[in-house]
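Written below as C-alpha cells is the structure these notes are about.
Chain nomenclature is as follows: A, B, C, D, E, F, G and H, assigned in order of appearance, with residue numbering initiated at 1 for each chain independently.
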Amino acid sequence: MPEQNPGAILDLQRAARIGLTEAVLCEHKSVEQIAEILYQLRERTTPALLTRLEKDKSLRLPETLREDLDFDGRSRTAFFGTPPSGGQAPSVAIVSGGTSDAPVCLEAARTLEFHGVGAVLFQDVGITGLWRLLERIDEIRLFPVVIAVAGMEGALFSVLGGLIGAPIIAVPTSVGYGVSRGGQLSLNAALSSCAPGLLAVNIDNGYGAAGAALRLLNNRSG
Amino acid sequence: MPEQNPGAILDLQRAARIGLTEAVLCEHKSVEQIAEILYQLRERTTPALLTRLEKDKSLRLPETLREDLDFDGRSRTAFFGTPPSGGQAPSVAIVSGGTSDAPVCLEAARTLEFHGVGAVLFQDVGITGLWRLLERIDEIRLFPVVIAVAGMEGALFSVLGGLIGAPIIAVPTSVGYGVSRGGQLSLNAALSSCAPGLLAVNIDNGYGAAGAALRLLNNRSG
Amino acid sequence: MPEQNPGAILDLQRAARIGLTEAVLCEHKSVEQIAEILYQLRERTTPALLTRLEKDKSLRLPETLREDLDFDGRSRTAFFGTPPSGGQAPSVAIVSGGTSDAPVCLEAARTLEFHGVGAVLFQDVGITGLWRLLERIDEIRLFPVVIAVAGMEGALFSVLGGLIGAPIIAVPTSVGYGVSRGGQLSLNAALSSCAPGLLAVNIDNGYGAAGAALRLLNNRSG
Amino acid sequence: MPEQNPGAILDLQRAARIGLTEAVLCEHKSVEQIAEILYQLRERTTPALLTRLEKDKSLRLPETLREDLDFDGRSRTAFFGTPPSGGQAPSVAIVSGGTSDAPVCLEAARTLEFHGVGAVLFQDVGITGLWRLLERIDEIRLFPVVIAVAGMEGALFSVLGGLIGAPIIAVPTSVGYGVSRGGQLSLNAALSSCAPGLLAVNIDNGYGAAGAALRLLNNRSG
Amino acid sequence: MPEQNPGAILDLQRAARIGLTEAVLCEHKSVEQIAEILYQLRERTTPALLTRLEKDKSLRLPETLREDLDFDGRSRTAFFGTPPSGGQAPSVAIVSGGTSDAPVCLEAARTLEFHGVGAVLFQDVGITGLWRLLERIDEIRLFPVVIAVAGMEGALFSVLGGLIGAPIIAVPTSVGYGVSRGGQLSLNAALSSCAPGLLAVNIDNGYGAAGAALRLLNNRSG
Amino acid sequence: MPEQNPGAILDLQRAARIGLTEAVLCEHKSVEQIAEILYQLRERTTPALLTRLEKDKSLRLPETLREDLDFDGRSRTAFFGTPPSGGQAPSVAIVSGGTSDAPVCLEAARTLEFHGVGAVLFQDVGITGLWRLLERIDEIRLFPVVIAVAGMEGALFSVLGGLIGAPIIAVPTSVGYGVSRGGQLSLNAALSSCAPGLLAVNIDNGYGAAGAALRLLNNRSG
Amino acid sequence: MPEQNPGAILDLQRAARIGLTEAVLCEHKSVEQIAEILYQLRERTTPALLTRLEKDKSLRLPETLREDLDFDGRSRTAFFGTPPSGGQAPSVAIVSGGTSDAPVCLEAARTLEFHGVGAVLFQDVGITGLWRLLERIDEIRLFPVVIAVAGMEGALFSVLGGLIGAPIIAVPTSVGYGVSRGGQLSLNAALSSCAPGLLAVNIDNGYGAAGAALRLLNNRSG
Amino acid sequence: MPEQNPGAILDLQRAARIGLTEAVLCEHKSVEQIAEILYQLRERTTPALLTRLEKDKSLRLPETLREDLDFDGRSRTAFFGTPPSGGQAPSVAIVSGGTSDAPVCLEAARTLEFHGVGAVLFQDVGITGLWRLLERIDEIRLFPVVIAVAGMEGALFSVLGGLIGAPIIAVPTSVGYGVSRGGQLSLNAALSSCAPGLLAVNIDNGYGAAGAALRLLNNRSG
C-alpha cells in the first residue's frame, strides 16, 4: 500500500480565525474515520460538534469515545467534550413551515447551543394558515437574526421577507415530493424571492444557517 | 416535391365537442401558413382567436385579411371575424403578482372575451406587500373562478390558496432571472404548494388558463 | 435544548375558509409526530385525513389511536374519526391509463370519500388500445369533473382533452422508467398538451387532484 | 499558423458501405467551409445533399456553385448536382401533428427524394381533433414505413403506435414553449410511449428519420 | 370504497392490429394485480409475455399460476402459456458493448423468441478493443435487422452505424456511473450520432427494441 | 377590453416595514409601464431605485422623467429623485474574482449608495493568483459585512470563507461558459462550500446582496 | 434460448496497444459473470485489476478464485494474479480535500500500484484551512503528476492549479449533499476553473485518474 | 460612486509559477475593460494572449492598441506583443471529428503557438468514415500529446483512446443540436468513456486543452 500522511488534519485554529470551531460532517465517513478524528481531538482537549451522525453509526463508536458524546437523535448531532456554556438570552428565532422540518430546525438550534447562543423555535407556522404566522410575527420581529426553514414551495421565505426587516437566513428542506425535487424548489424560491435581501444556504443545511447566524452575531459589535 | 394534403385541416367541430373554438398558435408558423388558415376560416365564416402573434408578423399579413383582424399588441392576440358578444357580468378574477405579468394576464382576458366571458384584473398584488392582496381578498372571493398569474418564486399561489375556496388556476410566468429558470420555478411552486387543490397550466399560458376557466364555467350548470 | 412552541399548530378553521379540512402528510413525519397530531385532533373531536401513510408506520402508532383509524393500504390513506357521510350520487370520474396507476387513483377516491363525494373509477383505458377509452367515453362525459391519471408519456390527457368538455384535472404518476424521469414526462405532457384547457397537479398527487375537484364542486352553485 | 491537412475529407465510399450518401450539415459551418466542400465534390462529380442551410448563407456562396444548387427554403435543404431519379411509387408516409411541423416534414421528404424515394405527407392530423387522424388511418396503414412528426407533448406517436403495425419513426420537433423544453418533451414521449416498438431520432432531425427509412427500405428485399 | 370497473382491461385484439401481443410490465404492479391479469389471460387461453418481473415477485405468485410460467432470471422475463413455435433461421443480430449489458440483450432476445423470431448475440464487442467488433462485422452485416446495446458513452452505436447499412435499433443501458446518468448519456449518443439513420428506444428497453424489430420484420414482405 | 385596476400598486410603506425602499426591476417591463410607475412616484415625491435598466430603454422614457433620472450604464441602475445623503464611512467590502464581474459589483455598490451606505471595491482578486487576495485580506477583514462576487467555479467564496469571520454574502455571476451554466455552477459552489456559514443570493443579483447587507447593518445596533 | 458467443471477450492486447491492462468494472456484473472472466484470465495466466468490487460480492466468488485475489475493502479493488513489481520511487502525488474522499484516493493508488507505480497521499488538505495545503505545497510541487481529489464545491482544484505547474488530474467525488448533486458540482468546478489547464475525469473515477497518470508517465521519455 | 482599486490586477508572476502566461478572456469584458488591460500590459512590455475576442470588438479597440494586435478571426484569438519564437518540431497532434470543429482546434493551436510549441492538425477524421482515422493513426501515434476535438456524440474520444497510449485531452465542442445540448453530450462521452485514462476540459475550451498540453510538455523532462 502507498505511503500516506495520517488521514485527518485538524484545523484547530479555525475558531480563532473565523469564529466557528471545526465540525465533523459524519455522513460520508466510516466509523473508523470518525473514531480517529475523535481520538485526535481528545488528545488536544478540544470539544467538537458532529453533524449528520446516524444513531446506528454513533452506537458503533468505541465505548470510550461514546461516554464523552452527547448525542441527539432528532437533529443527528453530537457534542464531543464540553462546549462553552451559554447563559445569554436567546438571540435567534428559528421559524419553520411544518413539523416535518423539525430535524433541520434542531440541527441549527444545536449548532447555536454548541457555540453558546440560545434560540427560540416557532414551528409549524406555514402560510397556508396565514393567521398562525401573523399571530407570532411581532414576537419574531424582536430577534436580531431569523432562520427560516421550509420545504415544498418555500413560500414562507417571501412572506416573512415582506414583513420583517431583520436578516433572514433561508434554509430549504427536502420535505416534499415530485417537482419539489428534494429541496431544489424551496432553495430556488428563497433565491428568486420577490422579497428583497433574503439569504440562502444549502438544502437541509441547518448547520450552515447557524454558522451564518454566528458570523452575524459575532460582528454586531464590530 | 412530394405530394401532400393541404397544409392545415381545421377542427371546426371542436366548439361543439369541447366548448372551445380552435385557436391559432402563431409562434412557430410562417406568415404564409397563418394566411392560408385565415383564408380557410373566412370561407367558412368561422371567427378565430390568434395567439402569440407578434406585431411584426401581423403587419406582414395580406391587407385583405388584416382588415378583419382585431389585434392587441400587449397580449399578442387577435380576433379574426366577430366573436360572440358577451354581455354577462364578469365571472373570472385574474390576480397577478406584478406589472411585468401583464401580457399573460391580458392573453387570458382576451381569450375569455373572445368566448363571451368577462374578467376583472387585480394586478400587482404580489405578497411582498401583503396588505395589497389582503385589501382586495374579499372582492376576489366573490368570483367562481380565479386565475392567478405570477413569476419568480410564485408565492402568490400558496397565499391565495390558503385564503379562498374557489378553484384557482395558477399561471406561472417567465418573469425573473437566474434560478427562476424561465418560469420553471414558479410552475413548480404552484404544483408543490402546501395549499391544497391548486391547479396549474404551462408557463406563460394565459390562453390555456382561460380555456380551463371556460371548461369550469361551462360545466357549472351541468 | 432550546425553548419551543408545541411542534404542531392545527389549522382548524381551514374547512370554513377554503372548504377542505386539514390533511396530515405522513411521509416526512416520525411516528411520534403523527401521534402528537392525532392526540390534538382527538381532543378537539375533529376528524382528519392522513395521506402517504405506510403500513409499517401505521402499525407503530399507539393502540389507542389505531382503533380510531380506518387505514387503506392500497391508497396509503387513513381516516381518523368519522368523516361526514356522503350519500350523493358520484360526481367525479377517475380515468386511468393502466393498473399500475391504481394507488394514485385510490388516493383521490379516498380523499373525495372523506369529504362526502362519490367517484367512479375507469381504470386501464390507456390509449394504446384506444377502443377501451372510446367504449366508455359517453359515460365519462356525463360527469361534471374528470380526474385523469397516467404515467409514462401521459398521452391519455391529450386524447381525453380533445374528446370531452368537462374540466380535466391531470395527475401524472411516477409509473415508467428511463426518460419518464419519475413522472416528470407525464406532468409536462399534461402542461404542454395540444388539447386546450387541461389542468395539472404534482406527480402522484391524488390528494391534490381531489382537493381541486372539491373546489370545483363546492363552487358550482356559487 | 500550424500545419494542417485540407479541412474536409470526403467519405465518398459511404453510399457503397451503408447505402446513404454523405450529407453536409451546414449549421455550424462557415460559407467558406461549405464552398470548399462543394468544390471538392464537383471535382469528383458527386452529387450531395445540404441540410440546415439558411437562405442567407446560401446566397453568400459563390455564383459558380449556386448555379448547381437546388435550394428549398422551407426545408432549409439543397441538392448539389443531380440526384438519382426516383420514379417509384411513394413508399413512406410522413404524418404530422400540426402545420408548424412542416419544415421538419419537408426535410425528411427532400432527403428521401434525393435518394430516389417518394413520400406522401399527411399533415395537421394531431390528436386533439382525433377524427382527422382516424379519417386517414387506413390510407396510412398501406405504407411500409411511417415517419411521425410532432412537437409539444407528442401524443400523436402513441396513438399511431396503437393503431398500425408498420415501423414508426418518431421525429420530435421543437414546436411548443415552456415545459416542452425545445422538443425534449416530445422526444421523451416517443421513447417512453406505452405503445410498443416505437423508434426515435433526435429533435427536429427530419434528415435522420429519412436516413433510417432508407435503411429499412434498402433491407426489405435483403 | 368507490365503485370501479375490474382493474385490468386486456387489449386482446392488439396482435391482430399491430402484430405484437400485449405484454405485462410487472415493475409497478403488485403481486395481486399480476395474478389478476394472469387469471384473465388463462380464461381466454391467451399466452402472454411478462417483463421486468423480479424473481422474488414471481415466487410470490399463486402456485397454480407459476406452473404455467417459464421464468428467466437473467432477463427478468416470463412466458405465460405456450408462445408460437419459431423454427425460422435467426433474423436479428443483437450486438453489445460489454457483459454488463447482458440482461437487456436477453430481454430483447426473449421477446423475439416469444414472437417466434430467432436472434444471435454478439456480446462484449465494445469499441475500446476495436478488433473485437471488426472481426465479427461481416457476420453481423448479413442480418436484416441489428439491435445494438450499450451503456456508458454509447460509442458502439456510431461505429456500427458507419460500418453497416441495415436498420440499427440502439438500446442505451443504465450501465455506467457519474455523468453517464443512468443511461441518459448513451441514449443521447444514439440520438445525436454523426452516423446517419440510427434509431433509439428508451433506456434499458430491450422489450421495445424487439418490438420495433418485429415491426420491421413483419413489414418486409408487405 | 376587461376592467382593471391601475397596473401598478406602489408599496410605499415598505421602507418603514423592512428598511428597504421599493425598487423597480425594469427587465420585464415595457417603457410605458416604467413611465407609469415613475409618474406615480413623482406625485408622491418618493425617490426610487431602478435596476436592470438597459440604456436603450432609459433613452425611450419621456424627457420630463429622464431629467430626474441619474442613470449609470455599467451597473444598469438609475436613481429617480434624490436619495438620502450618505456621509458615513464605508461599511461594506465588495470583493470580486475578475473584471468581468464589475457590472454586478457596481449594482450592489449603487444600491448601497442609494440607501446612504458606502462601499469599497476589491476587484480582480481571484484565487488563481492567490497572492492578490492575500495581499488585501487584512484590509477586507476590517469590514463588518463582505459581499463576494464571482463567476465560473466560484472558488473565491470558499477561500474567503476560510480566512475571515465576517458575514459573507456570495453573489454568483453568469460569467463563464460551457458547464458554468450561466452562473449555476458558481451559485452551487457558494451553497455547497466546505467553508461554514456562507450565504448566497440569486445569480447576478447585486441588488439582493446589497439588500441583505442593509438588513445586517440596520440590525447591528438592534 | 438464442445462440450466443461466450459472454466475455478479453482484450489481451490492450496493454501492448495503450499501455494499460484490461480492468474489470464489477459494479454492474453478477458474481457469475465476474467468475467467468477470472477463469478465462487464469487460463491465460494474465493478472487483472478488479474495480468497484463490493466485499459481499467478493465473498461469493468461488473459493478457488478467491485464493488468488488480493482484495482491499477501502478502495473496493482487487488484484487477481501477480501484478508487476514496482520498485520505483513514487511519481504521483494524490492530494485530497477531506478524509471522506479516501476511497477514491485509494482506488487511484491501488491502480497505480498494480501497474508498478508508487504514489504519496496528501489527505485532508482542503482549502477551508488553507495553511494545511500551503504547508505541503513545496513537497507536492516535486511530483511530475498530481491527482487532486475533492467533493463538495471542489475549490481545491482551482487553488492547486494556481500554485503549481505540473499536470493536474482532477477527480471529483460524490461527497456532499443538496446542490453538490452527487459530484456534478465538483466536476463542473474542475472543468470551469479559472486556473488554466486543469484536466478532469468522471465522478469518483480514481481508476481513470490513475490510467491518465500512467499515460502521462509512459510518454515522458517518448 | 464608491471608491475602488484599479479594475484589473495582472498576475504577471503566473508564467514563473505555473508555466503559463495570463490570458485575457474577452467574452464577458467590455471594449473599455480590454483596452485598460492592454495598456497595463504594454507598460510592462508583457506579451499576452487574448481569447474569445469577436472581430467586432477587436475593431472597436483604440488604433494605438490594434497595431500591436495579431488577430485571427477563425480562432477568435489575438497575440498582443511578440510571443516567444517557437522553432521546435511540432509536439502536439490536434485531431478533430469534423470541419465544424475548426474554430476550437485553431484556438488550441494558436495558444500553443503563443507559447512556442508547434502542432499538427488532423481534421475531419470522424468515425462515421472510420477509414479516415485508421489511415492516419500511425502518424498520430508518434506525438507525445494528443488533443482530440469533437462535438455531437463524441465517439471519436473512445475510438482514439482504444488505439493509442499517449495522453489524450478531449475537448468537447458545442457542434450539434437537440440532445447534444450545446456540447454537454460530447463532454460526458469523454468523461464516461469505456476507454481508460481519457482527460477532459470544458466545452469549446481549446485554450484550456492547450494549457494542459503545455503542463504535460513542461514536465516531461522533470
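By our rule, contacts are C-beta pairs under 8 Å (C-beta built on N, C-alpha and C of every residue); 3 or more make two chains touch, one makes a residue touch a chain.
On a predicted model such as this, the values are computed, not experimentally measured, just so you know.
Using the contact threshold fixed earlier, the set of chains in contact with both chain A and chain E is C, G. The chains that touch both chain B and chain C are A, D. Remark: rotation between chain B and chain E after Cα superposition is 180° (nearest 5).
When each chain is reduced to the average of its Cα atoms, G sits farthest from chain B. Under half of the residue numbers at the interface between copies chain A and chain G are found on both sides, making the touching surfaces mostly different. The centroid of the Cα atoms in chain D and the matching centroid in chain E are 27 Å apart.
Averaged C-alpha coordinates put the centre of chain F at 34 Å from the centre of chain H.
Centre-to-centre separation between chain B and chain H, using Cα means, comes to 49 Å. The multi-chain contact residues of chain B, meaning those touching 2 or more other chains, are 14, 128-129, 161-163, 176-180, 187, 191-192, 195-196, 202, 205. Chains that are in contact with each other form these pairs: A-B, A-C, A-F, A-G, B-C, B-D, B-F, C-D, C-E, D-E, D-H, E-G, E-H, F-G, F-H, G-H.
Residues 1-5, 7-9, 11, 13-14, 25, 27-29, 33, 37, 52, 174, 182-184, 187, 202-205 of chain A are the ones touching chain G in the complex. Taken in their complex, chain D has these residues touching chain E: 14, 17-20, 23, 144-145, 161-169, 187, 191-192, 195-202, 205, 207-208, 210-216, 218-220, 222.
Across the complex, chain F meets chain H through its residues 72, 90, 94, 99-100, 102, 109, 112-113, 118-125, 128-129, 131-132, 151, 175, 177-180. Note for the complex: chain E touches chain H at residues 97-98, 126-130, 152-155, 157-159, 161-163, 176-181, 185, 187-196.
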